Structure formats: C-alpha cells, structure tokens
Amino acid sequence: MQILTRFIPLLITGIAGLVMIISAFIPYTSEWGQKAGQFFNILAAFAFVLGGGNLLKVHLKKISDQSVGWGYSGVVLICFIATLFVGLFKIGAYPNPNFPNVPFSGETQGTGSWFWWAYEYVFKPLTATMFSILAFYVASAAFRAFRAKNFEAILLLGTAFIILLGSVSAGVFVTNWIPNDGPFGDLRLENLRIYIMQVFNTAGTRAIMIGIALGIASTSLKIMLGIDRSFLGSGD
Amino acid sequence: MLQMKKRNTLPALACATFAVLVSLLAASVEAAPPEPPTNLAAIDKPWDGGGVVFVTWDASTTPIDQLQGYEILAKDLGQTPVELADQTAEQADLEAKDQTETILEGEGVAPQEARQRARIAEEADPAVPVVEPTTWQSLGIISATETSYEATGLEKDRQYIFTVRSIGSDKSLSMMTTPTEPVVPEAAWFNLSKLPLLIALCVISFAVLLFVVLARGGMPMNIRTIAGLKAVDEAVGRATEMGRSILYINGIQDMDDLQTVAGVTVLGHVSKTAAEYDAKIEVPTSRSLVMTAARETVQSSYFSAGRPDAYNPDLIYYVTDEQFGFVAYVSGMMTREKPAACFYMGSFFAESLILAETGNSVGAIQIAGTANPSQLPFFVAACDYTLIGEEFFAASAYLSGQPDQLGSLKGQDIGKMLAGLFIIVGVVLATIQAITGSSGLEDAVNYLKEVILGS
Amino acid sequence: MSAVSEPMSPRQRATWAVILGVCIILIVIRCFIGEGMGKVYVEPTNLQFGELSADTWKSMDQSEFATFVASNPDAATEQWTQYDSVPPSAYFEQQQQGGGGSIFLSWPRTIGLWLAAFFTLAIYSFLYRDNPFYKFAESVVVGVSAAYAMVVGFWDTIVPNLIQRLLPQFAHDHLTPGMTLPTDAAQFNNLIFLLPLALGIMLLCRLVPKGAWMSLWPLAFIVGTMAGLRIVGYTEGDLLSQVRDTISPVYVPGADTSTPFMAVWTTIWSSVAACLLVIGVLCCLVYFFFSVEHKGAVGGVARVGIWYLMITFGAAFGFTVMGRIALLAARFEFLFDDWLWLIDPNQKRALVETVSMLMCL
Amino acid sequence: MMNFLNTLDRRWIFLAMALCVGVPILVIGLTGYTFPETPTPLAEAFFNEVDTAGEAKGRRANILVALDFDPASAGELNPMAVSLVHQCAQKGHRMYFISLWPVGPQMIMESVDKVIKRHYPEMVYGEDYVNLGFKAGNEQVIKVMGIDLTTEFRTDVEGTTLSKIPMMQGITNLEDFDLIAEISAGYPGSKEWVLYAATQYNIPFVSGMTGVQAPQLYPYFPNQLQGLLGAIKGAAEYEFLVNNWVREDAMAKVLEAGGFPESKAMETAAALASKPQQVSTWTVTAEASTLGPEAKTKLIELATAPIPGEYLEGQRRMGPQLFAHLLMVFLIILGNVIFFAQRRRGGGA
C-alpha cells in the first residue's frame, strides 16, 4: 500500500516535472507544455463531478439531519439540479442555423434558452452584485485601516489619499495654481499620481515579482524532489 | 514631386534650357522604380526553436538616399494538414485567453471568469479568418542600410520561399527579386537561445539544493522572524480558548497554481496545531481537487498529532467554482459561525477584501498570505498579519522547522543576491554609457540585457 | 469603530426602520404611476430552414420557404420562432399607432428582471446584517453557479477536448456538426487523450471509499507537471525579465529643453526618478532576505524597502477604488434604469420620461 | 459625539457610500445635469490635436480612427470613442475607421450609430466616413499600413473595393493621414501604434486608454504621443471639452451667417457659450441688432437645448465617482481625527 499511495505518486510528480522542464528547451517537445495544460483542463472538468457529488452529499446530509437552516440546503439542491438539467440538455436552445437538424448544435447560452435565462436573470445579477459590494468594503477598510499609527501607515494612507484625490476633478482643483509648464508642474496632484505609479509602484511591484519567482522556483523544486509533499497527505 | 516640377518648369520658359534638362532628368530618375536587390539567399536559423529563417541579399544599385527601405515577403508552400490547422487555432485561442487575462487581471476577476466573459463577447461577433496562405505575405520593411533580415513567426514544418523588393523614397516599388529556394524553418534539437535561461535555472536549483544538503549535514540555519507566522499559534490558541472555529481559505484557484499548493502545505501545519489544541478547523474550497488535497493533508496532520479520531472530513468541503458564488457562501458562513481565526493562504482576486472585511466585522484574528501583487494592498489594510509574496512561499518551510526546508530559503537568498548584483552592475554600466556615450559599453549593456537576461 | 458590530441602540434601529420604510413606500408609489416599471418586451421572428442537399441548409424567408416546400415536398425542413428583446419605446410606439404589432410583453423575461432586482437587493441587505433574504440568495447563487461551472466545463472542455478527439464521428453527428473530422493519422495522435481520460476516471475513484488512494495519482500528475511548467515560466517571465527591465541608466536627460534652467531641472527630476526606482527595487529585495535578521544596517535598508512597499500598496488601493465604484454604479443603474424606470440615460423609453419628472416633484 | 464616532457602526459608512453613488446617478439621470470637469493638459492636448488636424496642410483632415477595444472595457472607452467621432463630425474631418480587435467593428458600428446616424445624418458613407473593419495580425498590420494600406485593406467592411470609395482616393499609406486617433484596451493598442506608426512615420498620434494601461504610456507624451486620455476621468474631461466646443462652434456659425465677421463671431460665441442663460438677454442688446429674429431664436435654442444623453455618458459616470472619492477622502481624515483624539485622551489618562 505504501508503494501505491506514497512512492508512485512521488515518482509521478518528479518525472512529470522533469519532463516539463526538459521540454521547454527541446523544440520538438515544446508543445508538451500546452498539452499538459489541456490535460489539466480535462481533469478539472472531471473534478466537477467530484465537486457536484460532494455538494449533493453535504446538503442531503443537512436535510436528512434536519440541522439548522436545512431549508436553504433544499434551495441549493433544487437550483443546482435545475440549472444542471437545463444546461446539459440545452433546453430551449435553438440549433445552430447552419445545422438546424442537430438539436445540440446551438449555443449553450444562446438567447432564449433556459440556461440563458438562468445566467441572465439569476447568475449574472447575483455575482455582479456580490462583486459590487466591494465598493462598500473599500470605504469601511479605508476608514478603519488608514490611520497614522506609524511612519509606514502614514505612507500607506498618504499615497492612497493622493491617488484618490488626483483621480477626480476636486483633486485637480486643489493644485490648480501650480503652473503645469513650470519647474514644479510635476507636483500637481494629477502629475504626482503618475510619478508615484511610475517610480514607487513599479519598484515595489518589481521586487515583489522577483521574490515570487524565486519562491515559486524553490517550491517547485521541493515538490519535484519530494521534500514538500504535504498535498499527498504525507507532510511530516 | 509635383511642387518641384512647377517650380522648375516656370523659370524654364524664361531661362536657359539647361535648367529644364537637368530638372527633367532629375524627375525621370526619381520617377523610375528603384532597382531590386540581388543575390538573395535564405537559410534556416540553426540551433533555434524553429520558425526562423535568415534572409540575406546584396544592396540594390539604386543610391541609398533614394531608398526608403526593403520589403521582405514570404510565400507559404506547405499544405494545410487538418491537424496543423487545428494546432494553430488552438495556439491562437490560448494567446487570446492570455491576452484577456492580462487585461482583466487589474480588474480583480479570476482568470476563468475573464475567459468566460471573453468567450461570450467573442460569440457575439466571431472573428472571420482572413489568412490567404498561398499569396505573398509581407513580413516587414527594414531600413535600406540593412542587407539581412530574420524572418520569425513561421511554422516550423512548412516550406517557404522568400523574396525582397526595394522601396524608393517616393514609395515606388522595385520588381521582386527571383525567389529563393524553398526553406523549411526547422527546429534544432536544442534551442540555443534558451541557454541563459537554462543556466539561470541551474544556478537557482544548485543554490537551493546546496543548502538543503548542507542543512541535512547539520549546518545550523538561522532564519529571520516572520511576524505573520509567529501569530499562527497565537491565533489557533485563541480560537481554542474562545471555543470557536478556525476558518482556512486556500485561495480560489486550482491545484495547477503553486500558490494553492503552498497554501495546502501551510494548512498542514495549521491543522496540526489545531489538532493538538483540539480546535475545530473548517476548510471550504472552491475547487474539488483542492478539497481532495486538503483532506489528505488534514487527515495526516491529525494522525501525526495523535488525534486520528478527531478528524472530520465533512469540515473540508467543496462549495462552488464560481468566484463570487464562493464568496457569497463564505461571507454568510462567517457571520453565522463567527470563527475566531481566519487564514487566507493562496491565490486571491477581488474577493480578498470582501473576505477580510467580513472577517474583521466578526472580530476574527486574520492572517493572509498571497503572491497576487494586486490583492496585497487589501490584505495589508484589512488583516492583522500579511505574508507578502515570497514570504508566503517561505511560510511552509519556516513552519515545518525542518532543516532541509529552511535550507531552501537560504538558496532563495542567493538568487536575490544574484538578481541584485546584476541590477547594480547593469545600472552602473548603463549610466556610464549614458554619460560617456561609449559604444563599447553600449554593446556590453545590450549583451547583458538581450543575451544574458534575454532568452 | 469597534471590530465587532455591537447591538444597535433602539434609536439607531428606529432610524434604519424609517429609511427602509421610506424606500418601500417610494417603490410602491412608483408601481402605480406612469407606464409601470420593470417590463421586458419581445419581438418574435420566424426562422425557416430548408435542406438544399445533404447537410447543407439554407435560411429562408417566409415566401422563399413556401416555394421551397412546394417544389421539394420531400426535403427536410426546420422552423422555429426566435424572440428578441426590444426597448420598451418600440412597444409604446406600436401601441400609439393603434397596436396590432407583433411586439408583446414577455412574462418569463419580466419575471426574470424582477427576480434579478430582488436578488440584487437581497445581496445588499447583507450589508445591514445576515437575514433570510440573503441566505436565500446565497443558496441560489451557490446552487446555480456550481451547476453553471459544470455545464460550461462539459460543453467547453469535455466536448471539444475529449469527445471530439476520442469519438469524432459521434461528436460530429450529434454535438458539434461544425467540426472537421480528423484524418486517420491525426486520429492516431489523438489517442494520447486516453491518458487524461484514465486519470480522470482515477480521480472519480475518490467517490468510492476504498479507491481514495487512486485519486492521488492524477493529483501528483497535475502538481508535478505544473511545478515543472511554472519553474521555467516564472524564471523566464518574472525573474529575468524584471531584472532586465530594471537595468537602465540613472542619468536621464530631461525632455523639456526650452530654457537651460528647465533642461537642467528636468534632467535632475527624471534622473532622481530613475535613481529612486533602482534603489527601491534593491531595498525591497533586501526586505525579502531571510538569512539575516532585520537589525543594524540591513534593518535600515529593509525599512526603506517596507516604505516602498507601503507606497506601492497605497497607490494600488487608491487606483483600484475607481473601478469598484464603477461596479456599484452599474448595479444602481440597473435598479434605477432597467427595473424602476426612473432614469433613462440610453433613451430606451423616450415616451415615459414624464413619469420620472413626476417622481422628481 | 466622539464616543459615537469612536464606536461608529460600519453600516453608516455603507449608507453614506450608497447615497454618494446612488443619489448622483438618480439626480444626473433625472435632470441630465452633470458636473463640469476641469480638463487636464493631457485631455486638452488631445482635443487641440484633433481640432487643428490638417490645418498645416490647409485641407480637410483625414483622421484614422482606430477603435481597439471590446465590450468588457466599453464602459470606460465608449464615451471616448463617441466624443472623438462627435468632434470629428462637427469639425468636418474625414474619418477612416479600423480596428485591430476582432470585436472592434461592433464598437465602430455603435459609435457611428450613436453620433453620425443620429446627429449628423447629412454625412455620407464613403465620402465623409468609411469603416475598414477588423484586420488580424496585430502590429504587423500597422507596419504594412505604413507603406501600403491597400495590401492589408482591400475592401471596406461591406465588401466594397477601396478604389470605388471616393474618400479613399489619394490614400495609400499612413502618411496620408493628418492624425491617428486610437482608443485602446490592451494589446494590440496604443503602445504598438506609438512604436510602429507615430515614431516611425512621425504622424501626429493621440490615444485614449483604460486606467490600467495609462501609466505605461505617459513616458511617450508629448513627443511620440500628442494627447492622452486615461480611464473614465479622461473620457469625461474630453467629453466636456468637445461638448462645449461643439456648442460654441454651432453658435459661431449662426453668428457668422448673421453677418458677424469670423473672429468676432467666434469671440462672441465663446462668451455666450460660457454663460448660456444670458443668451436671451444678449439677443436684445445693440450688439445683436444685426441678427435676424430666426438667428436669435436659433441662438437661444442652441444655448438652452440639453446636450443629448449619449454625449454625457463619461460625465454622468464621473458624478458617482467624484462623490465616492470625496467620501473616501473624508473617511480617511475622519478616521485619523478619531485616532488622534483618542490617543490624546489615552495619553492624558
């Protein structure tokens, strides 16, 4: 059992990683990376079945236990099954006009199909609204977190302040008196904003990216060599 | 041209016929199309990844000041096997996807969603392919001082013929030269232009491995304190004291993202501490593969903590793949269960702030770690501790406390030192070059940038 | 502000109740004035297709179709009606001209629109506190989005990447008739896709208690290949390229040469910028050093690195705000424009503009 | 008071944010009134470049309008495209539309429908504007257009051969255009146009782009890039400039027709446009005595007529932005006031 659950998976990881590295340098195999990406997409699609199975299990259990809020689990299940049904079978979708005799040839999300309805009137408003909630959280985070506790915090809030003001006309108005062509033109808020982005933001982002690249390289190595294998459940 | 004639013919009525002759002569010389270049040759570029051909020729006999440049054209002679067409389409598809990702990354949408939107947009108006492979295609125009051209972007298993024509300063085109023999821009077995990349990889790997081996040999590894990691035990302890749960979010990307893998590793340590303290740890995931990996990790943590009975796989579950559907669920759950500690370790997009603000409103200790630079500001603003970029990858090594893992961090430091060294040397050289204008230094800087760091 | 929202004082709660009450009253009033609100109108189009020869179909208009059917009684035909949403103004115009047109009110879409508005408000209600409306919306979005991901995964990944390659004839006949059938040689190459199929099936063994170990193999495969791909990708794309981009002279001649003073001044200004950039990258790199404690000189440099990082984060925060506000504005526009018919920036209902004026008073 | 602020429930912040975004949308939507923008030099440069195009050569300008974006970024970029077409149409420039993005033609159609078909119906397709459609090939297309436009574009979007289109006479390559105006959402976009067209052939080039892209393009201003609009803010500024100028231009035309000398007409029109509510009182002064009654009503109409909704999209979107940003700034200040007040109290205790 140890061989099947430890040794072989580690071997697969190591060999697969090595092959991918080599293929990057050998032109004949350069498409392998792309193929691996496709394989991953297929596996991820298979994983949906696993996810769907888990979802069913979790919510059926809640319903059968009659645990708190089991009614909502019922809503999840009904929505899940209904959407899956109308989507997989393309209910109400018109065929592709070039092949009107093949019912499954149409767009899954073609206007007028049931799946389109679910996307347009349920999925889209719900996710877009959830996304837009960020505008509120941005405000409460600014109120709470941007306090001049120390020099670092002053830099953080000062920069955010300049950028926020510099991107509306009110900010432009504040430093309007500085002549744009003169020696201090770059101190106008709208110009200062560009300066910050070009100099400080670029410097910080570059260093972060260099660090991340090194972190990824070292993590990959550890994974391929089997030093880090916690994802296989053999962490320590 | 037109103006010149006007200017010259008017005085010609009054002045000497000589002037007329000269001006007419000049006009006729200019009006004739330039001479085409000669001695055209094309060779496949050796030691490359395929798809590149060198085209060389002898300059046109037309004086250089009357030429605007040369236009290089190629004709594709290869057939179009279905498979090949398939591959090209796939390639284009992938490129389009990459393009959408880079555009939408700034907007905080996870790549899958971005692709989805791009697809919907494209379906609305599908692009019409406009390639006519059997005609002469212009590859580009280069200055008249050049007599060679590197044709790139060709298909590596197809035949091409090339031709060149001169373009006069008045835009007139010469005849095309006799086309070259067919050339196949084949791929070599090793792509020499990637040698610097291979060396860089080897150096980093060597540095990491060296320190791993040294650490195993007993060399002490001192690593600086990382504030966020010190707080992990504290957070788990607090959750135990308060009798509330720990929430662990492993990012919203799949196992193909190494941040997710690093997050799973950190989860191993957090869950081990939780098992020791007997705290409840809940892990909703947005991918079922992550759920699979997380269950393995947590189970083995409970085993090694000696509490296999306390392990409950139902607390590690899949919610939905969709970014904001997942967030809607997690924020609702947070307000209901009020976890005492929240960990966000992995790849996050716009949801970072929604999670962190909700966690804050229920009074949880929050520790985040991500390598998505665009989301760091939000975690830094809203969480108690944030592992920034590389610190996040260092976390798993640091938490494990194993010498060989710590050794890998030293290896990373070597990488940073080399990067810093290259930057300093390069900047000094480039600055001296900019002040003195020395062409020797310019070559040196270009060599450093284009060849050593180019690939 | 306290971290945990404390129970509200009765006075605050009363204020909220008044705000909510006013909103509800306004919406109810809105329902009963003018042309109403939140309706979607559609216009039907009849589509007819006739099969000219095997697998070649042609879209035809009414008369063409009639002649085609008359002359080819045995030919296969298909027809259906497609409904397209039209702006309400088109419907009002039709009614003004005495009605009788083909545009009509679509109940499924109207209900959908109201549902969308309800869900929007339900999600926003979470900002006040958790409540049954939010819980309902949350359950719906979880269920629908999980299924949505599966459906898209099936039609966009499994069908083109797996079924088209392994069962091309079946895919061509029943699912994607537009595809080109591969040649025999290409079909042989496609057999490599049996590998992900096998791995996929192993992955599903997780659902069987005894087969859980099998799912580790595909997991190992994914993590291994991706580790190999990423180590190359990041070294090339991020490490080398970022170092390369940083190498540039710190002496930059100024752009403005109108006066000698400005020439010198802009040179100083842009050279300082270039210097600051390089110093910033180096200091931040020092901050990420793990081998040395942040004490003494290293500590000082690392501190400068933190300053840079803080400015970076502040700037990124401020820059993102603009986009987030736009998202919120888009949702509000949906509520005010599509649902409540209060505003009409895109002139979709030119005729009912008076109603909003009335509301304004 | 301090105590209330100190324990301020974040729901009040949410309410404030909702009001700051919702109320401006509602008010702007109901009244059509938008906030005046203060145009930055970048937007002014963009406007002036389009305004003076072709003047040096003393001819009707040929403008290459490249719309390289898709619906995902239309919110930010559509107002720019609409204002650009609006300015060109009012000025009488010839417009040549192209796109390097597959969905670009749809964006071109939208701008043409909104501006030309609705407000300038007298403009003739093929004489005043032409839609050359989408071309695949990214920067290669630009390179080839530099030398010969017809190798890439053989027909327009409807399939008409270019030689049969009147306004294509005399257009062989990029140098025949007086200005390239581009709206960009990424690659291929502004950067490619700067590198392969503006720098190479020294053609005036102006560009509007998304906020994410803008910082990368600033270094090219003003040498290779003569005007730049960044994000919705840039769009609103430019829109404001164009709308004001269009009103002024229309008034000047009426005044000129009424016998005013050209320079005087422009001067008066500028003065009147800046104070539209005073136009009706101005028409009864002695200065306006030369004008006929028709011209007078026309002037008053021009001054008071609301600007059509499609020309205000950018400024409309700036309304909520302005208030939300001010709220954020206010919140940051408030947070710090509370913080320092608390610290002082804590220090005293």
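By letter and in written order, the chains are A, B, C and D; residue numbering begins at 1 in each of them.
What we mean here is this: a contact is a pair of C-beta atoms (placed from the backbone, for glycine too) under 8 Å apart; a residue touches a chain by one contact, two chains touch by 3 or more.
The shown structure was predicted, so the numbers you read here are calculated from the model rather than taken from an experiment.
Undergrad: Among the remaining chains, which ones contact both chain B and chain C?
TA: Neighbours common to chain B and chain C are A, D.
Undergrad: Going by the contact definition up top, give me the pair of chains with the most C-beta pairs touching.
TA: Going pair by pair, the biggest contact count turns up for A-C.
Undergrad: What whole-number Å value describes the gap between the mean CA coordinates of chain A and chain C?
TA: Using C-alpha averages as centres, the distance is 11 Å.
Undergrad: Where the centres are mean C-alpha positions, what is the separation of chain B from chain D, in Å?
TA: 33
Undergrad: Between chain A and chain B, what's the gap in Å when you average each chain's C-alpha atoms?
TA: 16
Undergrad: Starting from the mean Cα coordinates of chain C and chain D, work out the distance between those two points in Å.
TA: Inter-chain centre distance comes to 26 Å.
Undergrad: Could you list which residues of chain D touch at least two other chains?
TA: 8, 10, 14, 17, 21, 211, 231, 233, 321, 324-325, 328
Undergrad: Touching two or more other chains, which residues of chain C qualify?
TA: 1, 5, 123, 126-127, 135, 137-138, 141-142, 144-146, 148-149, 152, 203, 206, 216, 219, 222-223, 226-227, 230-232, 235, 239, 243, 246, 278, 281, 285, 288, 309, 312-314, 316-317, 319-323, 325, 328, 330
Undergrad: Mark out which residues of chain A touch at least two other chains, giving numbers and ranges.
TA: Correct list: 21, 24, 37, 40, 43-44, 47-48, 50-51, 55, 123, 126-128, 130-131, 133-136, 138, 140, 142-144, 146, 156-157, 160-161, 164, 167, 197-198, 201, 205, 208-212, 214, 216-217, 219-221, 223, 231-233.
Undergrad: Considering only the defined contacts, which chain B positions touch chain D in the complex?
TA: 68, 71, 99-100, 102-104, 106-107, 117-118, 121-122, 124-131, 138, 140-141, 167, 171, 361
Undergrad: Where on chain D does chain A make contact in their complex?
TA: 8, 10, 13-14, 16-18, 21, 35-38, 40-41, 215, 218-219, 231, 233, 318, 321-322, 324-329, 331-332, 334-336, 339-340
Undergrad: Could you list, by residue number, the parts of chain C that touch chain D in their complex?
TA: By the definition above, chain C touches chain D via 1-2, 5-6, 8, 12, 16, 19, 127-128, 255, 319, 321-323, 325-326, 328-330, 332-333, 336-337, 342-347, 356-357, 359-360.
Undergrad: If you look only at chain D, which of its residues touch chain B in the complex?
TA: 10, 70-73, 102-103, 105-106, 134-136, 140, 143-144, 146-148, 151, 172-173, 185-187, 210-212
Undergrad: So in the complex, which bits of chain B are touching chain A?
TA: 48-50, 87, 90-91, 94, 108, 120, 123, 156, 187-191, 194, 197-198, 201, 204-205, 208-209, 212, 254-256, 258, 261-262, 264-265, 267-269, 272, 287-289, 291-293, 295-297, 299-301, 304, 314, 317-325, 327-328, 350, 353-354, 356-357, 360, 371, 373, 376, 378, 380-382, 388-390, 392-394, 396-397, 400, 404-405, 408-409, 411-412, 415-416, 419
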